[in-house]
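By letter and in written order, the chains are A, B and C; residue numbering begins at 1 in each of them.
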Amino acid sequence: MSAIAAVLQRDLRLAMRRKSEVLTAVFFFVVVASLFPLAIGPEPDMLRKIAPGILWVGALLASLLSLARLFAADYQDGTLEQMALSPTPMPLLVAAKVLAHWLLSGLPLALLSPVLALQFDLDSATMWVLFTSLLLGTALLSFLGAVGAALTLGVRGGEVLLSLLLLPLYIPALVFGSGAVEAQMVGMGYGAQMSILTAMLVVAAFFGPWACALALRIALE
Amino acid sequence: MENFKIRWFHWAAPQTFYPLAGRLWPVFGLIAAVLAVAGLYLGFFVAPTDFQQGEGYRIIFVHVPVSWMSMVIYLAMAFWAFLGFTFNTRLSGMMTQALAPTGAMFTFLSLWTGALWGKPMWGAWWVWDARLTSELILFFLYMGYIALTSAIDDPRRADRAGGLLALVGAVNVPIIYFSVKWWNTLHQGASVSVTKGSSMAQTMLWAMLLMALALWAYSIAMALYRVRSIILVRERHTQWAQEVAA
Amino acid sequence: MLSVADLSCVRGDRTLFRGLSFTLAPGQCLHLEGGNGVGKTSLLRIVAGLAPAAQGEVRWHGELLGSPDCQLPAQMLYLGHLLALKDELSAVENLISGGAIAGSGPNQEQALDALKQLGLAGRTALPVRVLSQGQKRRVALARLLVQQNPLWVLDEPFVALDGVAHALITRVLQGHLAQGGMVLLTSHQPVDLGARGRSLRLDA
């Protein structure tokens, strides 16, 4: 079994034995999405209009929740050290961890989004665009977020600091992700937004693990 | 070539940089003061009253240079961070940390002067214009850097983590600006534009340029002044630092 | 062949040690001694490549640590203070995944065999969190039996081990040295490796 597969399998196996962590992010998404109608009012036309933004921000915050733990456990029990000492390049192992994180938090959020979209009375075409934008977007957030998680590893007040660091970097994903859904809602093409989102994901998937590995080495010194 | 390299690294040692910075910062401070007086005089007394915007527009002679410099300083921080990673010098990290508070202050001023300008012109203290929104995000980037470097106790790790953050931020700034601009044009938001509806008079441009240079000199002076304190704190266990502090 | 020249280590403001030099040839063991906080763990981490040295260099077979030609990461087994075990996984699962990440993964049989040799038969399928400290340490040390690395860098390997396990690990170390391997370790307890063992004292 290769090192990359071992890292991926280990993270997935650990999550399966502690299911509560996966479910927390999902339930948070549901709760946040339900808060807005309570705060703003139940009028369907208005809710429909703000739905893309709310759902996207909710998914963003939910995925931010689980990021703080991405490397923390490994750092504390010494497995991160062992990964740094592996003959396999650290960026590849990091990419495996990010992939596991996305499978456990991003993918469930994307899968849940059509259900939440029902609460806001979105049509099925829009739901489809919402789903794909979140699928790509949460992956992008995972890659970017990993760098932030690595920089704040073991730092006092790390969780709040992580949000402060990552939110500015998340804005392009948010703008284009929710922009795609909005475009679909008003009948305009969403192709440009999706392409840009995909391009950002590709770049982040390429450079993110590399920056993240550097940040982890800094944390381990 | 060897000689050239050795001379650079000679100045990169905190012990030799300390007196150099000590001699340079008053010079830059003076340049800043002179340029600022010239620029403000041009801006507030010489430049003509704007046809559409009246006298209130003059705040742009502070707003625009401050906005420019806030971005330039962030790039300077990224530059020093890059040097630090390439050459592994301690001074690079100190310079990045020395620049951050000034940059953050400029960003803050930019937001405030933008609001002061916007209120008489557009009736609102804040508009979600592309540039102002980008400036706000830049403010968050600065705050993130300062928060991260303050939260890490080990100075070496703080320097390196902060440097990486500055580099990642700098790479993302164009992407963020592009996405905010796109977002703004799509939603047809208001645009706080300096040149809207009137062509810039020569004196206005000169005034802004002088103010920008004044702020640039001021930033260098402040960074050099601040880095001296940082050097003394970091090197406090060495003999030369204890002698200086005594 | 590991060689360390003029090494110095700075932690925060304090210089832990400076001007440290030694070599480790195949078949040799170096036991680092010294009080708490004197820099033994820091030295091991520098040799492992996890932390930078303030000065000096570490060479493996003549290649400088950190250069692309240096094979040290692949040829070293590092067991630090932290056991690198996942509490929710069983001993066998830990060994297999840990070995795969380190580049020389044991299969199920080899892992079970190693754990049996360390007296953990019957506990191999339990999640590690229910094991005692000594048993956890033995799971971590099982890596010594399944991985093939010439250089072993061990930080306090005997902690929490009872007399039987201590003797067993000592035998494992002796076997490794007899085959031409190298061991660099710290331990507050005495280490008896006969003629192959040397001591180096780090003082403040």
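The criterion applied here is as follows: a contact is a pair of C-beta atoms (placed from the backbone, for glycine too) under 8 Å apart; a residue touches a chain by one contact, two chains touch by 3 or more.
The model shown is predicted, which means the values in this text are computed figures rather than measured ones.
With chains as nodes and touching pairs as edges, the resulting graph is complete, every pair of chains being joined.
Chain centres were defined as the mean of their Cα atoms; on that basis the chain farthest from chain A turns out to be C.
Centrality by C-alpha centroid: the chain sitting nearest the overall protein C-alpha mean is A.
Between chain A and chain C, the centres computed from C-alpha atoms are 37 Å apart. Computed centre separation for the pair chain A/chain B is 32 angstrom, with centres defined by C-alpha atoms.
For the pair chain B and chain C, the distance between mean C-alpha positions equals 48 Å. Residues of chain A in contact with two or more other chains: 221.
If you check the complex, the residues on chain A that touch chain B are 147, 151-152, 155-158, 161, 164-165, 167-169, 171-172, 175-176, 179, 200, 211, 214-215, 218-219, 221.
Taken in their complex, chain C has these residues touching chain A: 48-52, 73-74, 76, 78, 80-89, 93, 96-98, 100-103, 105, 127.
Of all the residues in chain C, the ones that touch chain B in their complex are 12-14. Interface residues of chain B, counted against chain A in their complex, comprise 137, 140-141, 143-144, 147-148, 151-152, 156-157, 160-161, 164-165, 168-169, 172, 175-176, 178-180, 182-183, 186. Those residues of chain A lying in contact with chain C across their complex are 1-3, 5-7, 9-10, 13-14, 17-18, 76-79, 81-88, 93, 220-221.
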